[in-house]
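Down below are the structures I want you to see.
Same chain, two partners: chain A is paired with chain B first, then with chain C.
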Partner chain A sequence: MGKYLLRRILQMIPVVLGTTLLVYALVFALPGDPVKAMFGDKPINAAVAAQIRAEYNLDKPFIIQYLLFLKNALTLNFGNTFSGQPVIDEIGQAFPVTIKLALMAFVFEAIFGVIFGIISGLKKGKWYDSVILIVSLLLISVPTFVTGFLAQYFIGVKWRLLPVTAGSDPGFLDLLMPAMVLGSVSMAYIIRLTRSEVSSNIAEDYVRTARAKGMSNGSVIMRHVLRNSLIPVVTYLGQDLGALMSGAMISETIFNVHGIGFLTYQSILKGESNMVVSIVTLLTLIFVVCNLAVDMLYAALDPRIRYA
Partner chain B sequence: MKKKGLALAAVVCSAAMLLSACGGSGSSSSSSSNGGKNVISLFDTEPQNPLIPGNTNETGGGMVLRGLFSQLVRFDNKGNPVNDQAQSIKPNADGTQYTIKLKSGLKFSDGTPIKAENFTKAWSYVANAKNAQKCSSFFSTIKGYDDLQKADGLKGDEQLSGLKVVDDTTFTVDLKSPDATFPIKVGYSGFAPLPASFYKDTKAFGNAPVGNGPYKFDSWKHNTEIKVVKNPNYKGDDKPQNDGVTFKIYTKMDAAYADVQAGNLDALNSVPQADLKTFQKDSSLQAYNKPGSSIQQFTIPANLAHFQAGTEEGTLRRQAISMSIDRKGIVNKVLNGIGEPAHEFTAPVIPGYSATLKGNENLSYNPSKAKELWQKADAISKDTDQLTIAYNSDGDAKPVFDAIVNSINNALGSQVAATNPMPTFQEFRDAISNRKVKGAFRSGWMPDYPSAENYLVQNFASSAADGQGSNDGDYKNPKFDAIMDQAYAAKSVDEANKLYQQGQEILLNDLPAIPLYYRANDGVAAKGVKGFAIDWQTYPTFVQMHK
Partner chain C sequence: MSEMNSNSKNEKNEKLFEMQKEQGPILEVKDLKVDFTTGDKRAVHAVRDASFNVYPGQWVAIVGESGSGKSTSAMAVLGLLPGTGHVVGGSIKLEGEEISHYTRKQYEQVLGDKMGLVPQDPMSNLNPVWRIGTQVEEALKANHMDISHEKRSKLAKALAGSEVAVKSEDDETFIGSKELPDLLKAAQAALSEAGVTGDKAKKKMDYFTAEWVPGSETRWRVADDLIKAGVSDDKAWAIAKQYVLGSTMTDRISGLLEEAGLPDAATRARQYPHEFSGGMLQRALIAIGLACRPDLLIADEPTSALDVTVQKRILDHLHALTDELGTAVLFITHDLGLAAERAQQIVVMYKGQVVESGPSLEVLQHPQHPYTKRLVAAAPSLASQRIISAKEHGENAEALMEHHVKGEETLEKSEHIITVSHLTKEFKLPRKKEMFKAVDDVSFSVKRGTTLAIVGESGSGKSTVANMVLKLLKPTSGTVTYEGKDISGFEGKTLLDFRRHVQPVFQNPYGSLDPMYSIYRSIEEPLRIHGIGDKKSREKRVRELLDLVEMPQSVMQRYPNELSGGQRQRIAVARAMALNPDVIVCDEAVSALDVLVQDQVLRLLNDLQAERGLSYLFITHDLAVVRQIADEVVVMQKGRLVEHATTDEVFDHPQKQYTKDLLDAIPGGHLQLGLD
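So, the complex of A and B:
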């Protein structure tokens, strides 16, 4: 187990190096010149532009820029934004907000997804099964920004039930609507996943055996059906926590949540490679760690799986 | 299990409802805790630079600086300059030297007095290339500017030789050549004075500036909001009607629009594309829609084959293209009437604007005349190339340029023009400044200060061509340049404006760029907010706003 964990952690190093290089190259390859763009359509003072380029190493060849970035990153210095703020500070401010939002969305989709999935899986063909299926199909097929705008208009502007946007220092209620919108698509997937797993497991031999042995309906479902049905759901949820953080961009812009997605969007527009690469590296790390956690959870859920 | 499951679902649902019910009251309590009743909240974008006037050339930071700093002059709602920090700005006989007297008793928000030196040092700092300030080129007409442009040999504290302090409240400015617009230019935000504390730690200052404007800096939570409060040391006439302003940072206007509808935000100084059709009928907010100061046009480079500026064929073709565009139809149908067809090269809110200049019939829709001119040009030399018009497709230019191309092709022939979209503004500007665009390209102008000079000289004078300014089409006409020089030497702003109109008549004939329309100043404010308007800079008039 310990050895396995160590190996997995060592594997992260090439993954992180690879992504930073790739992302740095992509931002570098973006057409246009961020320094020229700073002047908009106003006259560019060549001397000033040269000074700015030198300050941000933009006058150096790509590979030197990348190595300089790596060298500084090792000492936890991720550089400054064009407005002179340390990248690490801006991420430090935005990240907790996104974590809050992603966790809320995660809890929302896990609880509602599993509950509705079980209800619908246990009673296939009932009217509420059909309703759940149709609603989940709708959530999957309608893009998040449509769900987001509709929720914002009706729940926020028209009925005034929840805050329209999150604004600064968002609390639980400020983030509730963005979290529900963010988690809605995954929730629909989880409903469908749980439903099909539950309904197929319920017909398994071991369930029949358990019932034949005289176990109560409740413990058959809890111990045998659910435990086996949840393995794919947990896999999905684990992957999704990472995806929720990076996928928060759309709901963060709709609801003006000042998180990582918001920051990434602004930084890409301004061509701030330091910021974009730092954020992507962080997200990569989260993805890798989440996957590791999922793999560990398998062992807990399925005694047949053991790590050496 | 069946019952249990349903019961659990019911409990969770009712909990969610309870929470959402709390949400209603929660949001209203948070909006009142916004600090006092008379604090105005505004849409803004994260400043792209530290909050230093000389280093800010975009609206995100510019809007905040409008409240934090006052210049020698400010502009009234009609765009005319009035003295603010200055007691008087007097030129010498030939307009090459200005003597500036400050009002007495002026103070920065930290209580330190404002002296002539605070202006001269600040201007030199911005002009000095070593300090990499984005507004540096605004000082290029002052003597000594060229000496401060070789960054390698400079320390950053060298002064402009053209600025001389006479006494605590007086200084003189020597210009390279006469400039009648200088007293207007000094109203631009880059000309603000800076306190001594700025030079000790410019970085700290950029995060928490000390200014001399109607407001005092309070706090800046990056990417979230900037707060300013009334400046007790401000003694000028630009007195705030509220206790403070909160600039809320958004990336998308749509979110801000929804906030205004719900009463969570007091004003948004633009209207998202999706709401242009409905915002004036929306009863949940107050709408604003008046002619603005920004002009949209497209530039045809002066040396483009068959369109060479100043040649008979080129002029005929330029006029034909211009007359084949149905500006009114485009404004009404594509822009939902939010705008005004262009009649000249400045804008309706700029002093000296005229809708009756000689030659402006070249800007009105006349497809039959256009066809006739085009055929005349064809008789000189047959044009087989298509005229492409480039624009950046990350804004909302696409529908407009599609309509323009359709209008041209309907009038002149199906293959005359085509659009050339480029994915991002960055890429688009890069191609233009490297002169890589083959064909015409979208160009717009938003003035830095309300003067015809800022539109005409920056966009069309030879001195601004070849990368020296914003004359990206490299139009060069000595006759036009001569009139601009005369206007610089004019004795009064009125006299200068007459000359600018003469200059425009040349442009209306040569059409170095094809003026299209003036984007309206449109915006929305929450109900119950008083004094809301949008000024010539497209900022909300937040100093006058109150609840």
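So, the complex of A and C:
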């Protein structure tokens, strides 16, 4: 087990190096000159521009820029934004907001996804199963920005139940609607996954064996149907947590949540390669760690899986 | 079996039967009707007017092919009908009480402690995520079993009552693992006090250590054992009372598993199902089925998924156990030989109806219904039995044999089409340094136009040999030659040519046909790959092949899931025949099929061999089938070749103990068959 863990952690190194190089190259290839953008409408002073270029290493070839970034990143110095703020500070401000949002969305989708999925799977063919199925299909097929605007219009503007946007430093209620919108698609997937797992597990031979023991229906469902059905669901949830941490770009923009997604979007527009690459490095790490955690969890839940 | 012996056994049986009758039937099924509802609300009649009785302590077998309604009847009794199945008529009485209308809650009350189940497929009947012990514990907890005391059924009490003095409830207290060391010490002391010393004492102590299983052996047995060893009555009872104080849940679980024949049960109970072999899983399921001492155990093909030798051991054990507990058993099987050997009464079902029932030997020797006659004729176990007994009576056995075995002379003269010499295959096992030898120095040859059978249990390496002969697996060392040429050298065109002449038929007809291919496409595929003929001539060939395997040409446009197992296996044979091969490698080709279907496929293979001079390499675990098809037999055990002789030699004069065990395990082997 320890050996396996070490191997997995070592595997992260090429993954992180690869993604950062790729993202660095993509940002480098973006059309437009960030220095020109900094001057905005003002005339460009060639000397000042050259100085800025030198300061941010923009005058050097791509690969040198990347290696310099890496060198600094190893000492946890991610450089400054063009406006002079340390990159790490900006991330430090945005990240807690995203974590809060992601966790809320996660709890929302896990609880409602599993509950509706179980109801649906146990009572396949009943009218509420059909309703749950149709709603989940809608949530999957309608893009998040549509769901987001609809929620804003009805819940926020028309019925005035929740704040329309979150703004900076949002509280629980401010984030509730964005979290629900963010988690809705995954919730729909979890409903469908749970439903199909439950309905196939309930026909398993060992469920019949359990009934033949004279166990009550409730404990048969709990111990033999749900326990087994939740293995793939938990795996999905674990991977989704990683996705929620990074994939909030659309929701954060719609609801004006100043989180990582929002920051990434802004930074891409400004061509802040340092910022974008730093964020991506962070997200890659989160993703890889989540994946590792899921694999460990999987082994804990299913005794047939052993890592060596 | 001598006359006298069987007479006294019959007498004993009759006495037992009288006792059973006295108590009235424990299960009374009358005119049972079970329907399944299809998607478009039509009712499919799975069971029609089935009636049968089970008396306390009796083994009753329901025999029939798949789809005959035998399992459905059993599940209806348990209230565990799958899907849309429901009882639409008739009555099911358990101990005189009508249970067919029971709700799920009411069924929960009778399941486990009145009726137990030992299901068919051990691999899928235990939940992979719970430990074995936990799953036994569930059964005990669900029925609020007193784990420190034994609960025995009425009949067991009645049977025991005649031999042993009436015991009070307390005497049924189990040994606990905590007190066991002290108990053994006290026993040792008592022995030396009673003047039993030296070797004799040691032997007695060894016996105690082996027999006194915590959670399984009771106080009165301890006392009984001590008294038999020479300890005085008072002393023995004093020790038993002092040290046998009742078991814990863990003790009881391992006691139950130990009873079911699982060695080292305390450790085993903490393992998960995937760490068990099929035979061990089935033992665990037997422990679960009997955990709450039900009066009726329903065993639904409990050993069909297992090797014959394991099957015999498990059924022997189950028989002894249910006899001791006085449990009645409703035994579902498709093998008439097995049913006749194990059960006192046989109920034959066909297309949802009971077509015949009666005492086992009666049904076997004088079958009345045409279907039963066919079953008797087809059962491989009985067929080989018939040949053996015909020979014993000095009659001409040839007439009874489907397959005319070639004599040693013909075999010697015929040309070797496939020769296997010093074949070895090693596999790397995970987390182990040394290599595992799946096949160890095996040599034999298949002669043109004959059948060589490789027999062995699972894990004996027989399928690995087949895969190496087919060049699907590379041998570690040794060679396989086809018509004198080493197949390891075949590549590209020569390999394609080899594939054309050596074709496989695999075990699982459900898995070996692509579900997305129509039957036509499946059979035509080899022709297309080898670029034989044009579209038109290929279609003609497919039609011919379907005729050859006696399938209607209308199946061409259908898909594998629309066919039964036997039909699929015919399609697999047709596909193998498409290229006019010389050799067909049948890897357990009939093992998954019902006896009647098995018989048909074997006949087909025999006919094809007679017509076209095919050579077969026939892999099977079932010696009974071998008798019907093979000229030569190779017996394999743990990767090694243990015996190689003609079929007659193997059956008449087996050389090795292992071969004898295999022969002994053929169900129905000890039946007295009437030769009518």
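Criterion: the second predicted complex is superposed on the first by the 305 of 308 C-alpha atoms of A that agree within 3 Å, B and C clash if a C-alpha of one lies under 4 Å from a C-alpha of the other, contacts with A are read in each partner's own complex, and residues count from 1 in each chain.
Keep in mind that, in the parts below, a residue touches a chain if its C-beta (ideal position, glycine included) is under 8 Å from a C-beta of that chain, and two chains touch if they have at least 3 such contacts.
What you are looking at is a predicted structure, and each value in this text was computed from that prediction instead of being measured.
After superposition onto chain A, partners chain B and chain C are found to sit side by side with no clash. Vertex at chain A: the C-alpha centres of chain B and chain C lie 160° apart in angle, rounded to steps of 10.
Greater residue coverage of chain A by touch, when chain B is weighed against chain C, goes to B. Shared-chain residue A:N217: touches chain B and chain C both.
Using the contact criterion defined above for the overlaid structures, shared-chain residue A:R208 touches chain C, although it does not reach chain B.
Of the two partner chains placed around the shared chain by superposition, neither chain B nor chain C is touched by A:T75.
Once the two complexes are laid over each other on the shared chain, residue contacts for A:P303 go to chain C alone; chain B is not touched. When both complexes are overlaid on chain A, the residue A:V157 reaches chain B alone and has no touch with chain C. Superposing the two structures on chain A brings chain B to within 13 Å of chain C, judged by their nearest Cα atoms.
Across the two superposed structures, the residue set of chain A contacted by chain B and also by chain C is 217. For chain C in complex with chain A, the touching residues are 78, 80, 82-83, 104-105, 108-113, 115-117, 119, 121, 124-131, 138-139, 142-143, 272, 274, 285, 288-289, 291-292, 430-431. Residues of chain A that touch chain B in their complex: 30-34, 36-48, 50-52, 55, 82-85, 89-90, 93-94, 111-112, 115-116, 118-119, 122-123, 149, 152-153, 155-157, 160-165, 167-169, 171-174, 176, 217-218, 221, 253-256, 258, 262-263, 265-266, 270-271.
Within the complex, the chain A residues that touch chain C are 203-206, 208-217, 219, 223-224, 227-228, 231, 301-304, 308.
Only residues 1-2, 4-6, 8-9, 12, 19-24, 26-27, 30, 46-50, 57-58, 129-134, 136-137, 149-151, 203, 206-207, 221-225, 248-252, 254-256, 258-259, 261-262, 264, 284, 423-430, 433, 443-445, 448, 458, 464, 467-470, 472 of chain B touch chain A when the two sit together in their complex.
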